[in-house]
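Structure incoming, see below.
As written, the chains take the letters A, B, C, D, E and F, and residue 1 is the first residue of each chain.
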Amino acid sequence: MIHIKTKIERPSPELIEPFSKLGAATVHEASGRKGAVDPAIKPIRKGLRLCGPAFTVQCAPGDNLMLHKALEKAQPGDVLVASVSGYPEGGYFGGLMAVSAMARRLGGLAIDGCIRDSEEIIAMGFPIFARGFCIRGTSKSVPGLVNHPTVFGGIVVQPGDLILGDDDGMVVVARAEAESVLEKALKRVEAEVKKSEQLRSGVSSVELNKLGKVFEALGLVEE
Amino acid sequence: MIHIKTKIERPSPELIEPFSKLGAATVHEASGRKGAVDPAIKPIRKGLRLCGPAFTVQCAPGDNLMLHKALEKAQPGDVLVASVSGYPEGGYFGGLMAVSAMARRLGGLAIDGCIRDSEEIIAMGFPIFARGFCIRGTSKSVPGLVNHPTVFGGIVVQPGDLILGDDDGMVVVARAEAESVLEKALKRVEAEVKKSEQLRSGVSSVELNKLGKVFEALGLVEE
Amino acid sequence: MIHIKTKIERPSPELIEPFSKLGAATVHEASGRKGAVDPAIKPIRKGLRLCGPAFTVQCAPGDNLMLHKALEKAQPGDVLVASVSGYPEGGYFGGLMAVSAMARRLGGLAIDGCIRDSEEIIAMGFPIFARGFCIRGTSKSVPGLVNHPTVFGGIVVQPGDLILGDDDGMVVVARAEAESVLEKALKRVEAEVKKSEQLRSGVSSVELNKLGKVFEALGLVEE
Amino acid sequence: MIHIKTKIERPSPELIEPFSKLGAATVHEASGRKGAVDPAIKPIRKGLRLCGPAFTVQCAPGDNLMLHKALEKAQPGDVLVASVSGYPEGGYFGGLMAVSAMARRLGGLAIDGCIRDSEEIIAMGFPIFARGFCIRGTSKSVPGLVNHPTVFGGIVVQPGDLILGDDDGMVVVARAEAESVLEKALKRVEAEVKKSEQLRSGVSSVELNKLGKVFEALGLVEE
Amino acid sequence: MIHIKTKIERPSPELIEPFSKLGAATVHEASGRKGAVDPAIKPIRKGLRLCGPAFTVQCAPGDNLMLHKALEKAQPGDVLVASVSGYPEGGYFGGLMAVSAMARRLGGLAIDGCIRDSEEIIAMGFPIFARGFCIRGTSKSVPGLVNHPTVFGGIVVQPGDLILGDDDGMVVVARAEAESVLEKALKRVEAEVKKSEQLRSGVSSVELNKLGKVFEALGLVEE
Amino acid sequence: MIHIKTKIERPSPELIEPFSKLGAATVHEASGRKGAVDPAIKPIRKGLRLCGPAFTVQCAPGDNLMLHKALEKAQPGDVLVASVSGYPEGGYFGGLMAVSAMARRLGGLAIDGCIRDSEEIIAMGFPIFARGFCIRGTSKSVPGLVNHPTVFGGIVVQPGDLILGDDDGMVVVARAEAESVLEKALKRVEAEVKKSEQLRSGVSSVELNKLGKVFEALGLVEE
């Protein structure tokens, strides 16, 4: 069995770039409402955005050994997507690791545990989505996996899937579907501009979404 | 049975206006310590305030149909108070709905579920209190109720009750009691200014609150 | 039995001062990974720091009587460390108490319950770590303890222990160990500066931490 | 203001008796899917059933004074429905109180907090629905309310409403609706006997519930 | 896209039969410590066991339409493995459905939501693992998926994987690995019998597991 | 530093024996309402009782190495009181360890994590209080402590303290106070027999506890 895989396929930079400007909710809708990660995993400061190919990491509870291996092997732009086996309350990632991640121009970190040295990392500008902050130290001695499929915030992530996050949360897009999702997302953005104008001019969302017939079909009685 | 009621009685604007400058904790105290909503329902950004008559909405889990009806029927200044039947993790309200709500000059939204497009809505300035953010889409197809009494954050809200929120949380004041609560709240504010001066000058809160006799009555031994 | 103790031994100001510039995670590591308080007890605004001798308070659920006694008896620089007996959802500390605490130049408050008047207290600059905000009023009538050992966020705190907090969380250092912990913490800071430089220059954290032999010993297979 | 009300209207014993043989789920359905209490409030042993008019009690956190008043005033058959203001972890009701409740032939206790002396109470056979067991003592000194409307497990309970519980949970039926709900529930039971026979003979529930057209309308593709 | 798949490959009955006598913990160990389902999903009565090929179902929150389809399509011995999209508090499965499932000789149900009519279902003997009991009714109108890979209690389940549960919890074994896992599990059972005898005779588990050298390597000081 | 202490002082068997017949709630009251352990740590089957001197163990998250050391060193009658550092979801103790514990005639196990092989252990009759059951395997490689003071379910436990548990929960009694607590507990039991008789004869608990004057002092208005 190979524990640490390093040869993964990624979406092309040309595909990632336009995604980086889209909202997570928009992409989730364009994906057919798939891929919504547990929203308790949040950006470490308001306004942070994350977008890139998932470089997946599976850590043992309270151990960050595999994150070090991932830091060593990931390529510029990659987003480390780290699962911590159900023990969030450790400081799995800290200031020194962020320094290394920035030196290697990684795209960010998404982790279903906590991090520490948050003030310093926020000042550096390295984008992280995490469950929170925790000073508790972790060990560097227990085996795990790199670039195996992993369950992250309730969603299966394959290495090389696209992961995208903003203040609303994170969404995972399968690599093979990225292109068609992008297309649908861009159309959705366009359509929303028009809808927004109509709503601003006073049209109701009931009218806009043709919900009148829904209310009628349901037989809801209105005063 | 009438599902959607639209004729509700509201506190007068003259009554709402002075409330809008009061803190939620002060009003809670002036109400005889009633009406404190579950504090897990928080403003979507620090510093947001909410004050107005409750326009209540009961949504089915994962469905926002009735919120659209409420947007259509609420009057300027009304605060939509929406209960989502115990399934908070959906994006029940988003950017387009906020555009419509602002076009109709609603007073805000209080919801015991999540919203999405938070960055955009915060930029618009539409005041929302919610459990958090979530990109997961909702349906628009399941019936619910508008302006029926509802349990919101553990508190019974009648349509037309006054709801008020700040960074500390939200409080609900029964319409019939609003006037007397306001009076007590204003007196409380006045009294606190004096107390604040005394405390600042070095008087202890034990002295100020005459707690000496409480300690004595309890027989607490002091070193 | 003496309920309210006031004669406690504190670390010297010369010892506290250098601690106040250290990160909580660093001090936790220097303590041999002890003393990490439950990270759900957070600063009331990002960037707040807390550092001083613990003046411990044990409140009954929903009652803040003993906090008033503590405000009266604590010395300048002391940090009130208040446990609320497992009922966090009350507003145990508010604006007036903060005015008094600042008038008496206390070092701050760490509480495993909620506070209220948060906007006002943040504006004043009084440092508080708490579970959150809650408007619900508390009584001032139930006995408790002052300066007895207490369990706070899962950690035993003795009166006079040093408590230190930043955005990452809080750490408690036993008074008797404070000096040696400080020494180790300062060395750690120094070592991290060097490590940071190496990582910035492209050395991997695997190399820096000599993790190669760990991976080897574990027999992890790499692609 | 009257804190302790004792004159409440109850459903007739003739109405309560047939309810006592129905399942909570059946009654919930017959009520139009209303009145489902938070299922974390469970019978203290499997197989316990509870059915009677609600005699509502509002306790302060950690205090059971009002439960004693309720024990004194409730009538045979009444079910005490006690809310504990969001602090479940106290032993609000114990063996002695159960002795008194049985001596007075009360119908049971439903409480959104914990109880103690569970082994003894289960042996006595007094029916209780609670959040769990807790030895922590409560005070008998803080005011509350008796027979005011209360929010219990997320549901508004009016004094004299019918409350019914079994292993699946509890349901509250408004007094005015009890008769019509009973009628619908009995019809439902009858219908279920027939359905059960059909299903047992091999008819699928898709066929029985005519779900074929639902699948068709939704356009679900089947292999 | 095919929503409802029915042609799945299953482990042979010869393979399933010996598994049905093994403990979930033993199989988890024999799997290399993989496949442990969230233990909050528990048998509806102590002593229940579940073992069979997974027939996976994905329900919308608060809707059980797809469970009816699964009941219609599953084969004798199959275990329905149903995910409810993060909204556990509904009664997704009840007495009538259990009657149908038994008539069709299904192997059981594993669901990450609640069920109702528990007393009746326990009496029938149909094996169910669930998060709890809840009377709240569900709709039969929202689309979902049958026999697509699903995340169940934090674990990815492929249709036809083997799922096994006892009082300790559930474990999922990939179909392709079932044979080798069985072999290892049987060896483990055999080894445990011997170990049990040694421990019973007074040998310590430190000695049995040769932990002396671990303590030595760690440098732990013993009094 | 000594990690593993083995010389602890215990209450005498003459003291432990009468405690073993008392209820946890009674002992908690007799202790002045101290020592109530988090009630989420429950007996693994209804009716189990635990009573003995605490032999404390501190495990690293997901590791049970120190439990093996404790099994080796504890004396007959000792109750292992094990804290698992905030990661409950592992199977820290299983059937083989229970065999060894019974061979060595230990008094039981109290653990703030999960155990596995529950069916087998219940059949053996070895008394365990735990947070639940979990099949997830633990490592045997990370250092911890034996017989150091530990925080267990929110309560500080010193080695040799008396720990007592029944269906209601657990209570810890400091060794030095055990004798006086026993005396008070026995008196309490005696008094309760009399009170029980009075209540059974129809005296109300308001009368029995002289609560009339409390209601009067509070000014509660009765209908």
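In this text, contacts are C-beta pairs under 8 Å (C-beta built on N, C-alpha and C of every residue); 3 or more make two chains touch, one makes a residue touch a chain.
Everything numeric here is computed off the predicted structure, so don't read it as measured data.
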Checklist entry - Shared touching chains for chain C and chain F? => result A, D
Checklist entry - Taking all residue numbers at the chain B/chain E interface, are over half used by both copies (same) or under half (different)? => result same
Checklist outcome for this item: Expressed in whole Å, how far the mean CA point of chain D lies from that of chain E is 32
Checklist outcome for this item: The distance between the C-alpha centres of chain C and chain E, rounded to whole Å, is 43
Next on the checklist: By the touch rule stated above, which residues of chain C touch at least two different other chains?
Outcome noted: 86, 89, 141
Checklist entry - Based on which chains are in contact, what kind of graph results: line, ring, star, complete or other? => result other
Next on the checklist: Once the touch criterion is applied, which pairs of chains come out as touching?
Outcome noted: A-B, A-C, A-E, A-F, B-C, B-D, B-E, C-D, C-F, D-E, D-F, E-F
Item to check | chain A contact footprint on chain C (complex, rising order) | outcome: 23-25, 28-29, 33, 36, 39, 46-47, 166-169, 171, 192, 195-196, 199-202, 204-207, 209, 211, 214-215, 218, 220-223
Checklist entry - In their shared complex, at which residues does chain C touch chain F? => result 86, 149, 151, 154-156
Checklist entry - So in the complex, which bits of chain C are touching chain D? => result 60-62, 85-87, 89-90, 139, 141-142
Item to check | Of chain B, residues touching chain A in the complex | outcome: 1-7, 45, 65, 68-69, 71-72, 89, 91, 94-97, 99-100, 103-104, 114, 116-120, 132-137, 140-141, 143
